[in-house]
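Have a look at the structure below before the remarks.
To keep things simple, chains are lettered A, B, C, D and E as they appear, and every chain counts its residues starting from 1.
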Amino acid sequence: MKELKIGLVMLTILILVAIFAPYIATKDPYLLNDDLIAEPSAKYIFGTDGLGRDVFSMVIYGTRTSLKIGIFVAAVSSTIGILIGGVAGYIGGKVDRIISEIINIFLMLPTFFITLITIAIYGSSLRNIIIVMALTSWTGTARLMRSQAISLRERTFIKSAQTIGESSISILFKHIIPNGIFPIITNSTMIVSSAILSEAGLSFLGLGDPNVVSWGKIIAHGKTYLPRSWWICTFPGLAIVFTVLSFYLIGEGAHKLLNPKIRTKG
Amino acid sequence: MSSLLEIKDLTKYYVKKKAKNISRNKKKRQIIKAVDGVSFSLESGKVMGIIGESGCGKSTLGRLLIALEEPTSGIVKFQGKSISSRIKEDRLKFRRDCQMIFQNPFDTFDPRNNIKRILTSALKIHNIGSSKEERLDICIKYMENAGVIPAKDYLNRYPHELSGGQLQRISIIRSMLLNPKLIIADEPVSMLDVSVRADIINLLLEITEKQKAGLIFISHDIATTSYISDSIAVMYLGRIVEIGRTYDIINNSKHPYTKVLISNCMSIDPFENSKVIKIKGEPVTPMDAGEGCYFAPRCYKVSEKCKESYPPMIKVGEGHYASCFYLFDGESYLFTQ
Amino acid sequence: MGNYIKKRTITGVLTIVFSFCLTFFLTRCAPGNPVKVLAGADNPNPELIEHLTIRYGLDKSLPVQFVNYVKDVFKGDLGYSYISNRPVTTLIAEKIFPTILLSSTATLLSVVIGTILGIYAARRAGSILDRVMCGISYVFDSLPGFWLGLILILIFASGLGLLPTSGMYDVREDYEGLPKVLDIMRHMILPVSALLIIQTPAYFRVARSSVIQTMSEDFVLTLRATGMSENKIFNKYILRNAIIPTVTIFSSDLAFMVGGVTFVEIVFAWPGMGRLIMEAITRRDYPLLTGIYLMISISICIVMLITDIVYAFIDPRIRLR
Amino acid sequence: MTLLKMQHLNITYKTQEKAIKAVRDFDLNIELQDSMGIVGESGSGKSTLAMAVLQLLPKDITDISGEIIFNGIDLLKLNSEELKGIKWKEIAYVFQKSMNSLSPVHKIGYQLSDVYKVHEPNANKRQIRERVCELFELVNLPSRVYDLYPHELSGGMMQRVSIALSLIYYPKVLILDESTTALDVVTQRQILEEIMKLQEKLNLTRIMITHDVSIVASTCNKIAVMYAGYLLESGYVTDVLHSPKHPYTEELLNSYPSLRGEKGYLKGIPGYLPDLSQEHKGCIFADRCRKAMEKCFYNRPEMVEFSNQWKVACHLAGSEYSE
Amino acid sequence: TNKADEVGNNDGVDEVVKTGEAGDDRAKEGGTFVVSMGREPQTYNPNAYNDDGAYIVIQNIFNKLVKINGYDEIVPDLAKEWEFSEDGTEITFYLHENVKWHDGEDFSSEDVKWTFEQILKEKGFASGSLSDIEGIICPDENTVVMKLSSPNSGILGYIAWFGTYIMPKHIYEGTDWLENPANHKPIGTGPFKFVEHKSGESVTIVRNDDYWGDKPYLDKVVFRIIPEQSTAYQAWLNGEIDHTLNGVPATELSRFENDDNYLIYDKLWPNRGYILFNMKEGKFSDLKVRQAVAYGIDRDEIFTKALKGIGLKAEYFISPLYEWALNKDVKLPERDIEKARALLEEAGYTADENGIYFTTTIDTYPGFDDIVEVLQSNFREFGIDLQHNAMDDPTYDEKVWFGRDFEITMLGGYQGPDISAIGNRFGAGSVMNLGDYNNPRVEELLKEGVIFSAKEDRAVVYKEIQELLAEDLPAIFLYEKGAKIVVNSYVKGYPASAEAVEKASESEFTYVWLDK
């Protein structure tokens, strides 16, 4: 479970950076220094961007935003997906058919477009971005959970829980969901990284939250300076790679930990 | 005196939308007659064995008896009242009175709960015992009675850390905790190693005797069933073809299918050389059983009559019934074969 | 089969109708309207705004607008775009070819490359090569698309001068026939590469893990016991079994192909649907938006139906229910 | 004449945490046209033993030492090319989980003919089909099975397909690993009789792996009792089952209820299979043995051979013999 | 009668600095000029409504009666001469002869009459500014007379500006001008003929060999549509396109400064960015707060950091291009944080522990990100926590333009073609007066401003308006919009170049030739 360990260590580092950002950052990330587009140097570790902001401090503070986006989106969408999929799969019958069709409809919605519209309506605050991403990414989880629930429903231990008199709701929460959740964890780690990337994409289109520093925003800002000022985009880019990698490693590790059948040698 | 459990004309059909091959998707839906008109009754303290080949509807019958599934038609009466009304009145009470021991001990418990939680939660649901400690004490008492000693060793273990035999025992203990009036044991030993089977069987027997509960023992292992039960019902494709006291069924079987089953049983004694009745053909699937006797296509005694209608249940001895047109005249057939 | 298609079509149509209604109201509830955009930001003319509002029926209540629109749709008319005053169908038709050309090439290539690499890595699971490839796949996975596009332009178009930066044709030369095809192919290299780098890791990993999984299945042991050569077992049996998850993600990728790949289209100035959608959104061109949306839903439905059928052919265990 | 001989066979699974000794110091002779039943509790190493014969164990996680001599050749010393000639053609194997023993997405006929082509690359389609149908008939399957997929068959049919597959070259040795345990008595009997007939016709040597002693009793001539990787007792069925010498064999038989006999009290064997990764002293069964003596816990019992190839590894049996 | 060029202003024109030299005079004919543009033309109906993409192409295909040249002067186009009547209520245009439409039909004054009537009838883009036109008469084929309901010295500027291209009557008459197929295959009288529009990709126009005016040198102009500025810039560097209308990224300009292969034209428009306050309600309806903002903003920082030194830092209350009307005594205040804080305290606010008096939100449409970034930093320094609410255009319209739901916002845009345009922004009830600024004296002055026609008279009026604006501070101007246009030196006759600046409109390529 080397992956899991490395991934967790990386995540811990990220979380620590996010918590202690004010102590780690060398400057105020919003401060406009007079050296525009300065190369990395002792004064500005990662250089400055087009408005003279210190890229290092921005990257450090950006950890807060980007991690928040990733983790919240994954948590919210997984919760929705697990509940909806669990109910559909466990109860079955008509409820399942209706929920499945709803999932299908959601699958057919071009999520990107919904994101744009929602942000247009409710504004591009970080909270809205998180909500809309979560609301458009739960379908995968729901489908996974549904199939899990369907197969779990037939398992003897669910029948036996019924026999000793447990109620449906308690079976759903006590047995179906806890037992079906493992493959969903892997899925959720993927949602984390794709949410971080999507936020970068939104920033590129000018739809990110302008009031906070995020890695996506730094890169989107830096793109005009790309030909000659590599540092603006590169460092937040590396931060994204680092984060995505940590979540992938955790996901893969968890997957392996929980699924002894996939056995890699050595 | 009314019996503990009485069932009448119980049926359960499954509708299956089946397309065997994508290109041959003509059949719209198929009806699987998993249980097809079963009646019998059981008294407290007695053991009824149900035998029959795999897929003949034994587990389905078991699930019907305990209201895990809705019957298509027919009535199941428990202590003189139909179980559906019992469930409506007091679900918990009914659940407490009827317990089932499932076919597969490895899958009977939530793999994420430890034994302590598995056992105490059953008590908690039914509000037995006032505190955690009290419930735990009850569990430990039962476990020690059932030979799971020392009980404390097991409490914090998870199901995957126990062997099949141990799990099966826990399963039995859990149903015992609630002092049920009726136990349905669905192939409780088929998954287990020979070396632990005997213990489980003995445990079950002991419990039925002590608590005067009715036990329905489902199995396709004829030897084991005959060892444990007072009476036996033989099922074929969802129907009971013969029912009677154990001795009668084993040594004096009337229905051709019962005879086939019993003669095919292998013995561990290499010198025993019994006659084996051989039959041809695949077991028919419960989907395309025709008009007549379901066993007719494979029966060695078959005649035209068998294919026309299903033979009625006929009394052939004290508490011994069988459904076949040729119950009496074919006695010598077995030996001339 | 026929029955199945009929049934799926009916539910498909229902879902399309439902989601169509949803987006109809969603788009029109979005703040702002196309008319002010048409009037411009400098010195907008209130009379023009009023005039166009009436002309496009935007003064009517939403349900009335909806009924009118649905009536038109039943006449097979998706209406005229507000901003360009051309039929929505024409606008879509113009952009759909480049989009499909780009995304299908990229998707097909990434399926093939990703799967081949995945299989290759799976057979050498645990080796250094396998680890390196997995590592690279993670890194590729975390690259923001637009950034990657610009970098590719900087390296291959500006730095090395090998390829054109953007667009679909060389506008200086009016190529015809084969040279035109080659010209388009040349222009496709960079955008396709960008998409490849983004899409391939998923296929790589799916192929790799499903091959590894299949190799541990029991039937492989049976075949080994018969003395069949490893290569034959692999090529004939493992692959066919391992390919099924790939089909699943391929189908979902395929379904969203017509929607275009906005970042790549913007960065590489590729004339596709993604940009059309963006344009329609930023200008609130309702008929165009609704039309595009309807088309996307329909194509997703069709693709899903087709992949379901393909699926059933690849995996006989999946019964069409 | 000895066809297959295992000598000092040791098989260890190396997992990340521990080494599981699944087969230990195993000696067994199987003679031509024998039908050898290997019985033992689940996990006692029966499947491992059978897989080792065909070298099917994953090489990187298993250690095998000792000899497996087939027709005078040590299979463990052969390279994979040489082994190929023996695999399936000489020794065939019916797997325990026959439900999963064929690829789910290929038709059964296709897979069978593919296997046939492994050693008969020149066979034409018609020949192959004929052969396959012939085999189907042998195991009582309709020929339409040729065009079906594995999931379209019932468990019993699939079991028979596996048997047909194993017979495709009429091998010298047929190993059946719990091949009939999951079937109902009638079908089980049918198949076993089919196989016994074939055995006579084709001069097969058969190894039956099972934990159901009654199957061995009625279909085999010899029996080997395994426990925790060790061979505890082996010999003719008539000898061993009639008057078992090893306490384990005895208890095993006691825990079977008899169909017609007296309803005596059934006795289980208390305790569980020991942890195979642990080193131990003395007799492996000593912990659970009712007759265990002091020395059983310290000295490993020798394999004692009685007349008529009856061998027992027990101190009790040894002393009896020497007395 | 007043001559046109007296109305137009050429006082501020020396802002156009010519950095390059035009080389020899022998212009080469032929060649294809490939330029990039960011937005795709949607319709080639030149007058129906605003389309930034089509605007660039349309100038080369259509003519107006008069047009605006690179010096922001009104110069002849189809009308070779024009004159105002004594009372200022009649304008007579004398048209060029032998003008032909691209399809070969003859052009006549009837086309002009039809076009203007159509614009007014169909409420075309310019109809609001042209509403003073009462009637149009065509005395002969080459003369058009416009009757005005009241004297309006600004109207000629609007006729020259946008949405007033002369359209072919013979093609449009009797049809719905929004759905006429010619909107996608435009027929004009201009120097170039439309060839094709490859959707999403490019627009091609070729030389009109029968052009009535100065014939273009180029054979062909291809407009490549490249939405992303960085991509267009790279394509230009790589020589795939000859010129990028997307603009060269500001940070890259220094590369070209001392390079002989490039010419840089400095351009300044009467276009300025400013902060607009909601005067009716909210925190900024208090003059003290507005003054605090005026003192607290660092316009230098905005100019150097957000604008990278392009254009000008705003100093006055009107665009310095209208120098004749500029009141040099009324200047925006220099930064004084202490004063700003003092003003906020006077307004009754108290600072919290971080020195922040209150929090507010600035609403913007796209394009002001960097500027707002600097503003946020400025505001924080003098005690206001400024949140940024960035919206897309329609959302902004809904909230701010229609809804007037804002406290403070950013606006920019064209403040021409005549100085009277200031009325559109600060006249009570006028379209761009989003802050609902209402000063009766300003209203009076604005009315006077268009009635007078002499510059001296007008200057007095507009100088007083500037004073009032400075007093009331409905807006704080931040910068004058400009550009540094980088052109390859082989591109001669670029609209901003000395050769063409007086004759060509902003993106008109009639005088362009390629010295390759």
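The rule is short, and it goes like this: contacts are C-beta pairs under 8 Å (C-beta built on N, C-alpha and C of every residue); 3 or more make two chains touch, one makes a residue touch a chain.
For reference, the UniProt names are A, C = Peptide/nickel transport system permease protein; B = Peptide/nickel transport system ATP-binding protein; D = Nickel import system ATP-binding protein NikD.
This is a predicted model, so every value here is computed, not measured.
Colleague: Provide the labels of all chains in contact with subunit A and in contact with subunit D.
Modeller: Chains in contact with subunit A as well as subunit D: B, C.
Colleague: If you tally contacts for every chain pair, which pair is highest?
Modeller: Result: the chain pair C-E has the most contacts.
Colleague: What's the distance between the Cα centroids of subunit B and subunit D, rounded to whole Å?
Modeller: 31
Colleague: How far is the middle of subunit C from the middle of subunit E, if each middle is the mean of its Cα atoms, in Å?
Modeller: 39
Colleague: Find the geometric centre of each of subunit B and subunit E from their Cα atoms only, then give the gap between the two centres in Å, rounded to an integer.
Modeller: Computed value for the inter-centroid distance: 89 Å.
Colleague: Could you grab the centroid distance between subunit A and subunit E? Build each centroid from C-alpha atoms only and quote it in angstrom.
Modeller: Once rounded, the distance between the two centres reads 44 Å.
Colleague: Can you pull out the residues of subunit E that are in contact with at least two other chains?
Modeller: 230, 234, 392, 394-395
Colleague: List, in ascending order, every residue of subunit C touching at least 2 other chains.
Modeller: 30-32, 150, 154, 158, 281, 316
Colleague: Specify, in ascending order, the residues of subunit B that touch 2 or more different other chains.
Modeller: In subunit B, no residue touches two or more other chains.
Colleague: Sort out for me which residues of subunit E touch subunit C in the complex.
Modeller: Those in contact with subunit C are residues 32, 34, 40, 42-43, 45, 49-51, 122-129, 178-179, 183-184, 198-202, 204, 222, 224-228, 230-232, 234-235, 237-238, 240, 365, 392-399, 401-402, 413-414, 421, 424, 431-432.
Colleague: Quick check on the complex: what are the subunit B residues that touch subunit A?
Modeller: Per the stated touch rule, the residues are 63, 66, 68, 91-92, 95-96, 98-100, 102-104, 107-112, 121-122, 125-126, 171, 174-175, 178.
Colleague: Using the touch definition up top, name the residues of subunit D that touch subunit B in the complex.
Modeller: Per the stated touch rule, the residues are 41-42, 152, 154-157, 182-190, 193, 211-215, 217-218, 237-238, 241-242, 251-260, 263, 265-270, 272.
Colleague: Which of the residues in subunit E come into contact with subunit A in the complex?
Modeller: Where subunit E meets subunit A, its residues are 229-230, 233-234, 249, 251-252, 301, 304-306, 308, 366, 369-370, 372-374, 376-377, 380, 387-392, 394-395.
Colleague: Which part of subunit A faces subunit E closely enough to touch in the complex?
Modeller: Interface residues on the subunit A side: 30-32, 36-37, 50-52, 120-121, 123-124, 206-207, 210-211, 221, 223-229.
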